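In the two complexes below, chain A is the common chain; its partner is chain B in one and chain C in the other.
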Partner chain A sequence: MKAKTRGFGTVYLSLFFVFLYLPVLSVVLYSFNASRSTAQWTGWTLDWYRQLFSDRAIVEAFRVSIVVALLTALLSAVLGTFAAVISLWVTSRMKTAIQGMMILPLIVPEVALGVSLLFFFNAMRLPFGVLTLVLSHSLFCVPYVYIMVRLRLQEIDRSILESALDLGASTWQMVRTIILPLVAPSIVTAALLCLAMSLDDVIISTYMSGPRSTTLPVHVFSMMRVGVTPKVNALCTLILIGTFFIIGLSQLITNKRRFAK
Partner chain B sequence: MKQPLLALVNLNKYYGDVHVLKDISFTINEGEFLTLLGPSGCGKTTLLRCIAGLERIESGDILLEGASIKELAPNKRNVNTVFQNYALFPHLNVYDNIAYGPRMKKSLSEAELKKRVVQVLELVQMSGYEQRMPHQLSGGQRQRIAIARALINEPAILLLDEPLGALDLKLRKYMQTELARLQRKTGTTFVYVTHDQEEALNMSDRIVVIDQGQVQQLGSPREIYNSPANLFVTSFIGDRNIVPVRVLEVGEERARVKLGEDSVLVRSSRTNGKALQAGEEAVLAILMDKMRVSCEEAENALRGTVASIHYAGSQIRIEVRVADRILTVVEYQKMDCDCAVGDAVSVTWEDSGAILLPKEDGWEERGF
Partner chain C sequence: MSTWKRNLLAAPVLLWIGLLVGVPMVLVVALSFLSRDNLGNIVYQFTLDNYRRVLDPIYLRVFWNSLLLALLTGVITLLIGYPVAYISANLPPRRRALALGLIMLPFWISSLLRTYGWMILLGNTGLINNLLLALGIVDRRVPMMYKFGTSLVGTAYMLLPFMVVAVFNSVDKLDRSLLEASYDLGASRRQTFFHITIPLTLPGIVGGFTLVFIPALGLYFVSDLLGGGNTVFLGNLIHTMATRGRNRPLAAAFSLGMVALALLVLSLYWKVSKDKSGEALFQ
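Our next item is the complex of A and B:
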């Protein structure tokens, strides 16, 4: 009976993970397929990668994506951290208000957010492109930074901050020498998360992209409409590796911090 | 007369509607070890935080060497605090923790600083620990580093907020002597907060007993132990039997009071301004270990019957029923008589062990 249950569990989990990862794996696999069609396997090739790198539009979209993601991560890290640190000094009612307003962009459907930002930036007469992309991505990234830094701040004993002041530090010196070093790992982890989220975003980026500045996911999406070539598989494989790398890095930082404690 | 180092003048503090410090006024002399003693929630820690500048006061003033410091931020006051949980900076090693104060104030060059850190580490007997991180230290070691980190600033006053609270009993005893040694050696004025009467009696030059945000008594450990000013101090310090009595007659320093059938002559409170009147209700407090039980009739004694006897190592606790009250007697040597439960006995005490105080409203409800 027991062995039977265990056997069933193994089968179930195996099927579950096959279902979860087979599509992803097949994309990786077919990016090396010599045939144009996914119907047959005709041998290994790196042609699609070669084509990918010679496609000016894709390389440009990739460049835009990276620039936007880096700027978004930087801007969100700065804004989110400041908001979290400042909330140390506000009343508890104010803190609840800040918390609520911070979460709001995460609750509003992205489609609605995209439309409203479109109107807003239009009214502001901002040219659509890298600037609008960074601003809109930061909108949904800042809350993550705020939440993660805030959580870390809550772990810090209040008397540690008080003793810094007591020993002669000004408020700003205390923030610089005590608070920021203590929350730094959380800021880095949150920034990496922002990087990944910005690279992945399609919906808001679709609204925000300018005529000559499209992000990679938006470009891939439009490529799909014209017809799938294995080039897309190659591209997806690279994006996959990139994302894994970023997430892995942030995990590593989190674990290292846990060990340090 | 020499000017006091620190003077608190009619200090008041509110948390919302709660009046936590009420008209606190006293002075602290240079070089003394002063303890703020009181039960938890009495306001002693709040008072310490007001002196440190971590809390604002609503009215009154704090004068350090004659100058008001009440408007100064904590980093501008020449006082330093040792927090209950040490509050070492977890990301800095021992050296950087201790160097923090002088570095923030840029008061020393790195070379001088290094010399000073070595000095204070030696003072707290932690030489060679410069490179350790706080989480690699034991509780007692962290305590020493926290003290060193404060002392390197050469504060006019060192404030200590229940610094031994988190340590185990043995270490606590050891650190008591250690703190007293540090205080003598550096000559720094210590203001020490505790709820532990033994700690306070042991280390202090003077004790300020605080309850419900008010100073109840200020004096040397001896004065406070032997001549408590009021019922609260009487019940909070020393183990005493506290019973209501009726005053029969009042003399110069003594009064005759009646408990049950017997009347006895006892020492009357001198510190309290209000004089007792004959016929009035009062409260008699007697130190348990100044009492004796005897089998024969005695002078100036209360008669009762033995309710129970407990042997606890070196001491014997005897509970005697007198009128409708139970009095506890603690004897250290052999008892005067071999009494058993139910025997009729007389209870006597050393004159200095008993004190008569005026009754206060609601004293029984407060659990005195």
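Our next item is the complex of A and C:
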């Protein structure tokens, strides 16, 4: 009986993972198809990749995306860490308030956030571009940094901090020499997550992009609306490889931390 | 005075959230009571017209489409995801870590790519049609794209990992001794599952449902690419009105409608999970 249920479990899980990864694998596979249509397989080619690099619009959108993602990750890492660390000092009511505010951007539907920011930046006469993109992306990135850093802070032994103060360290010295080094791995992991989320965002970015500052996902979305072309497959595959590179980095950092313990 | 000073530390955080969420949201509420002229410029005159239009049967239909899509997405991801979470959480450690890794990986994969994958699978010249033809199951290509069901498949597929992770966490916390006590007292596997396991993992179920329901209301790029605009959802409508349609007041009213739907589900979550801040949702 038990072996039977376990067998069922394995089969079910395997089927689930096939379902989960089949769409992804088909995109990768068809990026190498010599034929323009998915109707038939006419042999292997790298032509679609070659075409990508000569497409100015794609290269430009990619550049904007990278700049926005790096700035977003930086801003979010600073602001998220700041919010988590100062929570050690503010009153408990303020701490709860910060907690609630950090959840807010995550529970308001992204479309509503995007529309409200569109109206707001419009009213402020702020030009749409890198600045508006970074500010809006920080909304869904800062909370994750805050949550991850706070979880790490909870693990820190309070007595270490108290003894630092007893030994005459100023608060700022304590933050700089004890707290920040201890939470650093969490900050880096969270920042990499921000990088990935910013690079992937479609919904808010459609509202925030300026005439000459379209992000890669917004551009890819407009390409996809035309239909299936192998060029899009090739582009998606490259993005996938880029993301795996980021995950690899974050795994490396997490493992290092585990060994260091 | 000193507590006041300490709280002053939070000023940058308050400023950030106030400027990027608070003020814009107030603006949306204000806009929803204004009207516009033929060029799309805002006319500063109080009106309830936008809300009257939201309640127009044509637009109520859009609400209904979105609600149905989000509800069905919640139910489908639960039915597929619960067993996945339950089985994975009970695996031996190494295989469990592998399963969890494979479940989480899609969070990192571009959501456009994952939607596009379904265009390749379901298209008229797509892989599934190729396979069906080659096997002789059908003699003509079956149209599968641009239907309500296509949007549903794409949305559910996109959000499935959220559900699995939420349920996984609560199955993980399940006290196994309670299950054994239930068996010892003569309950069948089925009885134990429905009377012990389900109620105890309810916070995970409701949490997963919330995490899936809210984004499902607004994943307009999925319904745009897979549904082809044949069924109009709130996300698509708001997007069109705010940009090309140039009817910002109406877009504002619809956005608030979407927020109201999200709050409805959240209040259910708060009631069941007793997680006041809602933070547990995102850990």
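Simple rule for what comes next: the second predicted complex is superposed on the first by the 249 of 261 C-alpha atoms of A that agree within 3 Å, B and C clash if a C-alpha of one lies under 4 Å from a C-alpha of the other, contacts with A are read in each partner's own complex, and residues count from 1 in each chain.
Everything below uses one rule, namely that a contact is a pair of C-beta atoms (placed from the backbone, for glycine too) under 8 Å apart; a residue touches a chain by one contact, two chains touch by 3 or more.
Every value quoted in this text rests on a predicted model; they were computed, and no experiment measured them.
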Next item on the list: Return fit or clash for chain B versus chain C, each positioned on chain A through the superposition.
Entry: fit
Check: Is A:Leu117 contacted by the first partner chain B, the second partner chain C, both or neither?
Finding: second
Notebook entry, point to check: Where does A:Leu195 make contact in the superposed view: on chain B (first), on chain C (second), on both, or on neither?
Noted result: neither
Margin query: I want to verify the contact counts: of chain B and chain C, which reaches more residues of chain A?
Written below: C
Note to self: In the overlaid three-chain picture, which partner chain does A:Gly168 touch, first (chain B) or second (chain C), both, or neither?
What the structure shows: first
Next item on the list: Applying the touch criterion given at the start, work out whether A:Ser159 contacts chain B, chain C, both or neither, answering first, second, both or neither.
Entry: first
Next item on the list: Considering only the touch criterion stated at the top, classify A:Leu133 as touching first (chain B), second (chain C), both, or neither.
Entry: neither
Notebook entry, point to check: Mind checking the angle chain B, chain A, chain C on Cα centres after superposing, to the nearest 10 degrees?
Noted result: 100
Notebook entry, point to check: With the two complexes overlaid on chain A, what is the closest approach of chain B to chain C, counting only CA atoms, in Å?
Noted result: 12
Next item on the list: Identify the overlap between the chain B-contacting and the chain C-contacting residues of chain A.
Entry: none
Note to self: If we count contacts the way the header does, which residues on chain A are in touch with chain C in the complex?
What the structure shows: 9, 12-13, 16-17, 19-20, 22-27, 30, 37-40, 79, 82-83, 86, 89-91, 94, 96-113, 115-120, 123, 135-136, 138-139, 142-144, 147, 151, 196, 199-200, 202-203, 206-207, 217, 220-221, 224-225, 227-228, 232-233, 236, 239-240, 243-244, 246-247
Next item on the list: Report the residues of chain A in contact with chain B in the complex, numbered from low to high.
Entry: 157, 159-160, 162-170, 173, 177-178, 181-182, 261
Check: What residues of chain B sit close enough to touch chain A in their complex?
Finding: 52-54, 73-75, 80-81, 83-85, 87-91, 100-102, 104-105, 135, 149-150, 153
Item checked: Residues of chain C that touch chain A when the two form their complex -> 3, 6-7, 9-10, 12-14, 16-17, 20-21, 23-25, 27-28, 31, 80, 83-84, 87-88, 90, 99, 102-103, 105-106, 108-121, 123, 125-127, 130, 157, 160-161, 214-215, 217-221, 224-225, 234-235, 238-239, 242-243, 248, 251-252, 255-256, 258-259, 262, 266, 277-279, 281-283
